[in-house]
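In what comes next, subunit A is part of two complexes: it sits with subunit B in the first one and with subunit C in the second one.
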Partner chain A sequence: MPASYEEIQEKVITELSKLTSPDAGLTEDSELVTELGLDSFKVLDLLMDIEDEFDISMPVNLLADVHTVRDLATRIHTVVNTPS
Partner chain B sequence: MSLFDKFQPLAQDRHTLLDQGIDPFGAPIEEIYSPTEALINGRRTILAGTNNYLGLTFDEDCLDAAHAALDEQGTGTTGSRMANGSFSGHRALEQEIAAFYECDKAIVFTTGYQANLAVISGLANNEDTIVIDADSHASIYDGCRLSGADIVRFRHNNPDDLHKRLNRLGRRAANALVIIEGIYSMLGDKARIGEIIEVKNACGALLLVDEAHSLGVLGERGRGLVEEAGVINEADFIVGTFSKSLASTGGYCVSNHPQLDFIRYASRPYIFTASPCPSVIASTRQALKRVENGADLRARLWRHAQRLYRHLHDAGYELGPEPCPVIAALLDTREQALALWRGLHEHGIYVNLIFPPATPGGKSLVRISVSAAHTDEQIDKICRAFSALSGT
Partner chain C sequence: MNREATTTDNTVAQNLAEFSSLSEALDYAAAGVTGCNFYDAKGKLSVVLPYGELQRQARVAAGRLLSLDLKRGDHIALVADTHPDFIVLFFACQYIGLVPFAMPIPLNLGSHAIYVQQLKGLLTSGKAKVAIAHKEFISFLEEAAVDNDDLEWLGTPEQLSDITPSERPLEPSRPEEPAYLQFTSGSTRSPQGVVITGKAVMSNLQGITRTGLKVHEGDRCASWLPFYHDMGLVGFVLGPVASQLSVDYQRTRDFAIRPLQWLRLISRNRCTIAFSPPFGYELCARRIRSADLQQLDLSCWRIAGIGAEMLRSSTFKAFAATMAETGFSSNAFLPCYGLAEASLAATFSELDRGLDVMAVDALTMAERGIAVRVQSDNRKVNEIVNCGRALPDHEIMIVDNEGGLLPDLRLGRVLVKGPSLMHGYLDDQESTNRVMLENGWLDTGDLGYLFEQNLYLTGRRKDIIIVNGRNIRAQDLEEIAEGMDGIRMGESSAFDIETGDGGQIVVLVVECRLTESTARQSLVKHLQRKVYEGFGIYCYVDLVEPHTLPRTSSGKLSRVAARKGFTDRVDLAQAIISQAETA
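The block that comes next holds the complex of A and B.
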């Protein structure tokens, strides 16, 4: 199910908004851990939700260099648009 | 940024905790009197957070065996299993564990943590996929990371979710390693192992079951959830620890796959560490015999566990999903959990305090582990303390 970067970013922000306070001011540059206060397991749980949302398999180890919302959306975009 | 700046948030947390007295994450056990009693912070205390499920730490046969090994073989092996650290006792224990499970192969490791590290990182590499329960122990996560394999999590104890995620792997599912635990250490719930085996068989995956908290606790002969569920031969690998029901330190893996032996030559956590001390091996061998013939201990353990679980439930505590020798009281905030932990300490009861992110669902936990060695009077006292502190 290919999707544009913008679609993915919107869904990531929607999922993240369920985990953060309404005044978190979510943007592409928001840092998942240091700024939004997500602990490592919340990020991993978010990843499971995203896998279900896009019906993809996205291994945990792909998150190694993910720090911001943009990093996460970019990773998902790559996986979603890579033929299996 | 200095090398040490990363510790700043931790230092702040530690400062706040220590400001309030005893450190819950390093309670000093000043004297140990029995499997269930110690002197902590100057107070005689009931131990209800030591994973000493069968209470064998002072078993006379285990003590005698350890003393004899110490006298006959010295204090340590001073070498790894691959070098000079494989004494006859290590080999004998491996044969006894294999016979205990009626499996072909067994390997002994220096700790339970290293058993998971060694087996997982030995089996899988960066061309493989490991599918783990989301609530897996840190040793499983660390083993996966060390392997370099792709790591996929499935929702805790949910066979349908596992099936969905294995299906998404396509052809890779047939070579995937699925990892579950017999009893999960945080909430004390048992794996839905029968359904999980159906899923892994349907997909052709392999299954590793970590019985750290279920060895000695479940099954007629104490072989864990795989025995209770009648599926010993369906698990490709069974991993466990000596540091709970067997009352020493060390770990093991058993399997009917002949390739298990290659872990000895391919796995860094096995190769590059000293082997267990002879006295540890000797007491473990005795404890294993007691576990196998420990129906009396298991009956007492479960009687205590069910009584305590029911009491805490009736006192209004939010608990894990089922009675078990691991009983977790779930608290919404760290402050509530810390207050309960401190209150129990003041009542002369030691339990475990666990904060997020190590806990499921972002809750804080006060975790009890029941022992067959607890007396009815000690369980009474624990019940009374929890009742007195409910609502704190």
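The block that comes next holds the complex of A and C.
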């Protein structure tokens, strides 16, 4: 299921808003761990929601370079648009 | 490639680890029809590797490694994702006297830089001559290998298979030679490699399969444990080969995201043996909804092993209660105790008994180091789980700080003796001498007491912090701080504090020269981020004035005193609230 970067970014922000406080001020540049304070359980929740939504499996090697919302959305975009 | 998983039933008679080496164990298993099966994130079977095929591939890979003209005993570093190639290469080394060691894969968000540092440390300390990683991880490995002059070959398994195998005969590792190295910490500066001989690991596997688990025909294993941990490697890669059991693997990451898949695998393939640190059971109880359980039948699961850390009985009560409708029996819980320095296992509790918990008076335990059993009354009790008896030919002894033998129910340091013990730490005679005592005793550094020959573990090494199933060395956290500008070695102290409700916070106290508040704020954030990237945990950072961390008379930092200083100085409730706010 191909999806545009914008759609993916919007989805990531929607999922994240369920896991963070309403006044977190989510933007593309929000740092997932240091700013939003996602702990390892919340990261797992986020990954599960995203994988279910886009029917993908996020490779762990890509997550090593994810710091911000944008980093995450960019990599999901890559995976979603790579034929398996 | 087979389309179906290997069967549980085998065509050769079961031999429980009565082999002199790992290669001999594989040669025996190869004659049967059992093997390993790999499942993807959705629980679909992706690769089947019967032991016969594993043997064939391992021998071919051994021939290729021989072509690299390495010396017998040279070390081979393998990035150990849950993939058949890792097992193939691990056994390839066994056929030619090379010594493999497993390196982790990156699991934390944003961990790129620290992961590369970690690999660098492992390659150097492990004196690797060859380093192999799959294409997903090869770029990290290449980064880590820059400036490494010891490496003679680096590549992917695919690149290795381009090498023409040597015609030289295979000369398997002998029992008294090192079979593999096990690294026990994620330190970037000084990871410590445990050297395990073939003889030691075979002796441990015999104890595990015959006495600990009483493996019999009809057994089948399931595992999500990482191949780079001793429980994953020895327990669920080498153990199944040495007892010819079929095993079903899923990746650690897939388990963490969807723990239900682990239970589905057990239910569907009628697995009988599966282990996890307490964290795994907690994750299941926490993330699985009861509606998910309807299709599960876990009545086949006869051994739900628990190892690797302190046990809290409430975790298992919660798991058993959630799983009751699936036919899971709480008698299947099997606590055991072990450490990489003893290959894997040192004690096993009795089968089919479930958790055996001793309630002891908390105050007497804390103040006098004596376990006094109490009935239910108003006193505060600690519930201590029975980890069982030492494996055959092994012994457990409890000693005080001066090394004097302590009687039953007296708290002290746990010593282990027996044929499964390590040869020593790689190239580190000083550390080896510190733990390998006279008369063959190993000082585990863990704390506990004995009662009627059963071990009750009350605390792991003082310098180890266990968070969500990970053993984190305090010094590894301190190293992160010490890597920062303006913070020197010995100017930070890490420890954890129990918050009373079963939770914990990890604290990093750092001596800080900065006076400006935004700079201090940014240092705190930066440290928290580095700790998260390295270890996937939140930590509370406490900045203190220079030269205020407590030291021992010899000038060493005292974490115990630092912890006390912290709890005296900082309102614990405030630290918990600040953790809850960020988390």
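Convention: the second predicted complex is superposed on the first by the 82 of 84 C-alpha atoms of A that agree within 3 Å, B and C clash if a C-alpha of one lies under 4 Å from a C-alpha of the other, contacts with A are read in each partner's own complex, and residues count from 1 in each chain.
What we mean here is this: contacts are C-beta pairs under 8 Å (C-beta built on N, C-alpha and C of every residue); 3 or more make two chains touch, one makes a residue touch a chain.
In this text the structure is predicted, and so the values were computed from the model without any measurement.
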Subunit B versus subunit C as contact partner of A:Lys11, first or second or both or neither: neither
More subunit A residues in contact [subunit B versus subunit C]: C
Touched partner set for A:Leu32, first subunit B, second subunit C, both or neither: second
Contacts of A:His67 with subunit B and subunit C, given as first, second, both or neither: second
Which superposed partner A:Pro59 touches (first subunit B, second subunit C, both, neither): both
Residues on subunit A lying within both footprints (that of subunit B and that of subunit C): 39-42, 44, 47-48, 51, 57, 59-61
Contact footprint of subunit A on subunit C as seen in their complex: 40-42, 105-112, 115, 136-137, 140, 253-254, 256-258, 286-287, 468, 525-526, 528-529, 532-533, 536-538, 581-583
Subunit B - residues contacting subunit A, complex: 129, 134, 145, 148-155, 164-165, 168-170, 356-357, 362
Subunit A residues touching subunit B - in the complex, by the definition given at the top: 39-42, 44-45, 47-48, 51-52, 55-57, 59-61, 84
Residue ranges of subunit A touching subunit C (in the complex, touch as defined): 31-34, 37-44, 47-48, 51, 57, 59-61, 63-67, 71
